[in-house]
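Here come two complexes built around subunit A, the first alongside subunit B, the second alongside subunit C.
So, the complex of A and B:
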């Protein structure tokens, strides 16, 4: 007889989400639903009628973790719609900005997953906030990497959280020779730290992988070797930056994408029949509570070729670098492997940047209403923005955010794991839930359907 | 009043020991030489100063181009610029007697210019803005800690560019391009031409051209700067210097030790602190009247007196 258990809210990630799990007698998940319960912001609706300059700035405010990816994808979607090519140096600045964001986001993710992992050779879980070594120096290194990422971001983009320098048609201004040198020095420093940090994290993750059981709130939970495995396939548009419909051979195809309603995807109304007060923090939801993921979930389910796919660091590594490790640990290892790569690429971009070069296109068209899209590889996956601009006004805007792609994929990956480890699987996706919450839903005929949940 | 000169650790009359620099400078070359010294010593790695059209033309990457100066501007319109070398500093030296929005560059200095230690020159109101930005860094993330040296200049009031245009071209009957130097001193507004002509206008004439916003300011000697300076109180070619903060004190001590300035005790020079005090009180009294006047209109939102 399967039972239903709910972990709500899930912790140590951005946003507000929950896990509704149908488990068997042994506590193994038979069907898992991971759903966002962050309220809808309506950025897409806000965007309509605004100028293309405003929309990426608004879109970036959807979240503070990867605002740079939203800003860049938004700006480039506008450029794709109005068909505006930007100068090379503006591109370089955007690349640097995006990689800086990736570097400091991975560092943040490390802090969030470390409490799940063990110090190798001990039975002690890592507390990243302890003043004791060896964790203290790791925490300091993480802070320094974040500082480096943010400083480089604010030189290249004006601001490290919501970059102010991006413009439709290029960038507001180029940086000075001195600033270029500063970015270079910081990236070099970051590279050394990233190597150390990745090595540490991979060692800790491998140690976790070798264990037979783990402790969750005093419960001894067996650790399956296939934790987080799924067969959903991967989607990545570039090893580092992204793609857009302006390119000759774009690496994403809008015609292969479709979005369905959570109503058609998630489980219906159920009653909680398993409660575990020991589960950190504060136990799971009380027995007898009614849950209804269909109605509570606030995300659409995007599909590529008719299936949910995984996006993120592993998808990028699988697509572009022949990485082949499955499961949650593989995903986290892939993320750590991107660490150094992002600094190497950043250094190459800084080398290629000409500080006296032009960063604004000579002519920025007003737009003729054609559809344009741009994909940006955010730290946690492919962020696609779709826009239609006519006479310098946005007519249509849609955001397809990394974690939206991952919601359904992660739900599939939960199957076969002990329910106590569902959060560990979920954290492997480095979820950023708040920006994933959108309800632009298309039916089979690609028509916008009534938005049940908002009404 | 007793508070009109603000808090200071030291007050002297000083001038730069660099003769070449004195040729470019307004009075004692304090600001230019102090910033040059700070740049050399690594106390700052760049400074925000008021530069000219010529400078902007030669160094378009060192200014911020916006709607106000997109087409290269008129002569004597100050343009905030970020300088990182002594040569640039010299090219930008001298007082321009109209509004230069230097504080607008302060964030950009730490962003696309990549400065870690910023020096800034400004009028008393600009010093207030800088300090306020440090206290409440809204929209100025990481900027406050990067401000390494703030040099204030004495200011009675300022002129919009159109006013200077009117004063020079109409009252002084001189083309803007042919002006070599402008100066306020001895109760007169002086305009020196490149061909050697000198025109003096009584200050009375200039009053109606002042920026009305200046008439609520109660700070004459840049009370919130690290070091403030101006010609008033010292003989010709010298400047009065107030060293105010710990930072100011250490920079000034190093500059003196390096022989950057020759100084005289302020008590020994004419007209001395007496004149500075008199003018400061004049400004405060005059502007307090404006403040009182403003209390009577609006909805009870009279400006706060910064001294209480």
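So, the complex of A and C:
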């Protein structure tokens, strides 16, 4: 008979989410629901009537971890709507900023997943904060990569967390010749470290993959070879940066996308019938508690060609680099493979950057109300912002962020895994839940159903 | 080095009215010319995972955090707090593996001061832009307290800010009395 277990809140990611899992007698997940419980906010509503300069700044504040992706996607959605082409050097600065952010983000994700993994040849799980070798030097390397990412981002974007340099129509200012050299030196140093770090992480991940069982809170849990497999397909708009026109990326057509209500996808009211006090941290939800993912889930379900899809590093590698490994380990390996790529591409962009070139478009139109969109390949996947600007006022704005895409896909990927490993599968998506939670929802007939899901 | 000897961080979300106090103070401070060993950063919501976990105690000696804090005073009042004064869970980094608070990890190696301002309204989870008037008026005094904390004499600007304070536009806390 099936039992219901709930892990709430999930840990080691940004925001609040939970896992509600229907499991069989052997503890294998029959149906999994991963849902956001961060309350719905209304950034789309707040944006209406503001200037195109304000909205990307507002958008970048919805989340503590991906302001750069939101800032860039927001700005480019405005540019797409007003039909403004930005100079090449402005583009290069944005590419550098975005890639630096990606390098920083992968390093951060390493810290998150390391405690799930084992030091090869031992039964010891990795504690990234231990002062002992070999982990100590890995942690130092991770910190240095984060530092390099932030420093380059700061030079290209003006500030390292909330970039102040982006403007609708280009960038506020170009960097100096010295700053370019500094970015170049840092990127070269970062490339070497990224190589080492990716090699280390992939070795540790492969070691994990070969195990028959893993330890979770003192429980010996069998490790299935198909952990995290799903058949939902992938979506990516570019190997590195993103796209804001059908011409650049014909496979991302906004008309093939729609968003549906969560209650068609999530399970209804249930009672918790399995409780495990040993599960880290602090045990699972108490027996007898009522749960209702349909009503508690705070996001809509975005679909592409009628199905939820995966976005993120593996989606990019599958689409553009013939990567074919499935499952949670494959996903983490793909993320590590993006390490070096992001530095190689960054070096190319720095090479191409002309510090004395102009970075602002000669003419920035006021907008005629056409629909514009920009998909930015954020570290976690495709971050799509949609905007309509008329007479320098935003008439419509919407954000479709990476983790929203991944909620339903990851829920499908949970099936067949032991419930104790559900969080391991979830972390493979490097979720960022707080920005995944603010959507306008369409029903399956493309009708506007709800502006807000929580009453 | 990304973060120098003295780091001033504004935390909070401008989308929740007075929660934007930290970033607003930083915006004003970025107009000042400060010594090379000082860096001011608008951290937004990213303080824990972008900054507090990345400070190197061998380089950074002083950390000043500007944020709102509820200590039961009149809105716009500012207070200097220590890490020990913070309630459990403050600046929790969702990215740390044991949910440890990153400030607890570094507080013995780095001198941390939190400058908290009593908010008038925080609209979480609803969005609202702009600080309330009383909190807006606390900005000049907060900057003066920060500069005093990091030992920077900003000459005439300080004097002007002091005058404003004496005119009663902003209240100061006991520990920040002028010399």
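The working rule: the second predicted complex is superposed on the first by the 445 of 455 C-alpha atoms of A that agree within 3 Å, B and C clash if a C-alpha of one lies under 4 Å from a C-alpha of the other, contacts with A are read in each partner's own complex, and residues count from 1 in each chain.
The criterion applied here is as follows: contacts are C-beta pairs under 8 Å (C-beta built on N, C-alpha and C of every residue); 3 or more make two chains touch, one makes a residue touch a chain.
For clarity, every value in this text was computed on a predicted model and none was experimentally measured.
A.B. asks: Aligned on subunit A, subunit B and subunit C: do they clash or fit?
C.D. replies: Because the two structures are overlaid on the shared chain, the partners are seen to clash.
A.B. asks: Could you look at A:281 and tell me whether it touches subunit B, subunit C, both or neither (first, second, both, neither)?
C.D. replies: Touch partner of A:281: subunit C, not subunit B.
A.B. asks: Tell me which partner A:307 touches in the superposition: subunit B (first), subunit C (second), both or neither.
C.D. replies: A:307 contacts neither subunit B nor subunit C.
A.B. asks: Counting touched residues of subunit A, say whether subunit B or subunit C comes out ahead.
C.D. replies: Of subunit B and subunit C, the partner in contact with more residues of subunit A is C.
A.B. asks: I'd like to know which partner A:24 touches here: subunit B for first, subunit C for second, both or neither.
C.D. replies: neither
A.B. asks: Examine A:67 and indicate which partner it touches, taking first as subunit B and second as subunit C; both and neither are also allowed.
C.D. replies: It touches subunit C, and subunit B stays clear.
A.B. asks: Can A:51 be said to touch subunit B (first), subunit C (second), both, or neither?
C.D. replies: A:51 sits against neither subunit B nor subunit C.
A.B. asks: For A:154, decide between first (touching subunit B), second (touching subunit C), both and neither.
C.D. replies: A:154: touches subunit B and subunit C.
A.B. asks: Tell me which partner A:292 touches in the superposition: subunit B (first), subunit C (second), both or neither.
C.D. replies: neither
A.B. asks: Under the stated touch criterion, which partner chain does A:130 make contact with: subunit B (first), subunit C (second), both, or neither?
C.D. replies: Neither partner.
A.B. asks: Given the superposition on chain A, at which of 3-11, 39-47 or 129-137 does subunit B overlap subunit C?
C.D. replies: 129-137
A.B. asks: Quick check on the output: what are the common subunit A residues between the subunit B footprint and the subunit C footprint?
C.D. replies: 151, 154, 159-161
A.B. asks: Subunit A touches which residues of subunit B in the complex?
C.D. replies: So the residues of subunit B in touch with subunit A come to 45-46, 61-62, 64, 82, 84, 108, 110-116, 141-142.
A.B. asks: What residues on subunit A touch subunit B, complex-wise?
C.D. replies: The touching residues are 151, 154-155, 158-161, 165, 173-176, 178-183, 355-356.
A.B. asks: Which of the residues in subunit C come into contact with subunit A in the complex?
C.D. replies: 2, 13-15, 23, 41-51, 54, 56, 94-99, 125-127, 129
A.B. asks: Under the stated contact criterion, what part of subunit A meets subunit C in this complex?
C.D. replies: 11-15, 39-43, 45-46, 58, 60-65, 67, 108, 111-112, 114-115, 127-129, 143, 146-147, 150-151, 154, 159-162, 281, 434
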